[in-house]
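What follows is a set of notes on a single structure, which appears directly below.
Naming follows writing order (A, B, C and D), and every chain is counted from residue 1.
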Amino acid sequence: MKVLVDLCIVPLGVGISLSPYIAACEKILIDAGLKVALHSYGTNIEGNWDEVFAAIKRCHQALHEMGSPRITTTIKLGTRTDRYQTMEDKVNSVREKM
Amino acid sequence: MKVLVDLCIVPLGVGISLSPYIAACEKILIDAGLKVALHSYGTNIEGNWDEVFAAIKRCHQALHEMGSPRITTTIKLGTRTDRYQTMEDKVNSVREKM
Amino acid sequence: MKVLVDLCIVPLGVGISLSPYIAACEKILIDAGLKVALHSYGTNIEGNWDEVFAAIKRCHQALHEMGSPRITTTIKLGTRTDRYQTMEDKVNSVREKM
Amino acid sequence: MKVLVDLCIVPLGVGISLSPYIAACEKILIDAGLKVALHSYGTNIEGNWDEVFAAIKRCHQALHEMGSPRITTTIKLGTRTDRYQTMEDKVNSVREKM
């Protein structure tokens, strides 16, 4: 099952500069062979369900190892059975209507 | 790794009465042996990471089988390494301060 | 316009014990005359759009005044024009189907 | 108070092709003079709190007028008092660390 995800990981207890932690997660997602697109409030991910969620789990494990004792994450995820739609398809579909 | 999740699954293309779909997901989560608490905008889930996300995947599969061609889900999830905190602990901790 | 909201406010830079901040927000929401229900990963709120979002803004202002230099919040919100549905209606509607 | 928002509006009861509705919201946000950046699972918005949430309210009103009887929306929003950070700042800050 293909899934499109929007991932926003927030490590707590490490101050307010979170970019080193987000960068570590980006590397994990890319190393997992997933298609990713960073934006200003999260990261879009495209891939197979099991691989995507295995990588998100590794992100949590990595941030705990980097010193964050508590992590709160927000995920949006979409699946569909009618047709395959890439990240670019979704954006283009909106742009065409504007 | 223990995880606390807030799950909100929204099947599309099935009209605006979503409760039969949410009820089906509740059953899947309960049958998985997970601790769940339904609220007005989602379901809190407490369990081990792998079991929780396997059950959420089954929810998506079940709603597609029930006729929804597209599903969009929002998940909040928390992990912590400092101590174990149940769903009730979190609520009680806030109530004590009020 | 009536709105049902699920609010999860996360103050950063104040360590990992967030309950004093959540308790402060609960008081603000209750003092605003809103109907609220605390759960393990947020607070359900029922009220008029303008009043609900004015209260959420006051929560952000209050947590900054309490010492948090950065806040990240997740909100789910629902509006509908077909009929009026309370927080209890939504939960009961699911429970009936289980 | 400046706010960075990630907005994902989902109209229900209008089938599964949502792009005409998202396009209508994009126009509302742009007409409001807000800085916006569309991505594959939402729209990043940068602006003043009151203007941003007034525009989001207009989006809900517009989608109801376009025929959707029910809307569920997910919003992430961040405020900070330590320094001003644009949408680009956030992305660049992560990229520098990669």
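One rule holds for everything that comes next: contacts are C-beta pairs under 8 Å (C-beta built on N, C-alpha and C of every residue); 3 or more make two chains touch, one makes a residue touch a chain.
Being a predicted model, the structure only gives us computed values, none of them experimental.
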C-D versus A-D: which interface comes out with more C-beta contact pairs? A-D
With touch defined as above, tell me whether chain B and chain C contact each other through largely the same residue numbers, more than half shared, or through different ones. same
Counting in whole Å, what is the centre-to-centre distance of chain A and chain D, each centre being its mean C-alpha position? 18
Going by residue number, chain B touches two or more other chains at 16, 69-70, 72, 74, 76, 78, 80, 82
Chain B-touching residues of chain D, taken from the complex the two chains share: 10, 12-13, 15-16, 18, 69-70, 72, 74
Contacting residues of chain A [partner chain B, same complex]: 1, 49-50, 53, 57, 60-61, 64, 69-82
So, in the complex, the side of chain B touching chain C is made of residues 4-6, 8, 16, 19-20, 22-23, 26-27, 37-42, 44, 46, 74, 76, 78, 80, 82, 87-88, 90-91, 93-98
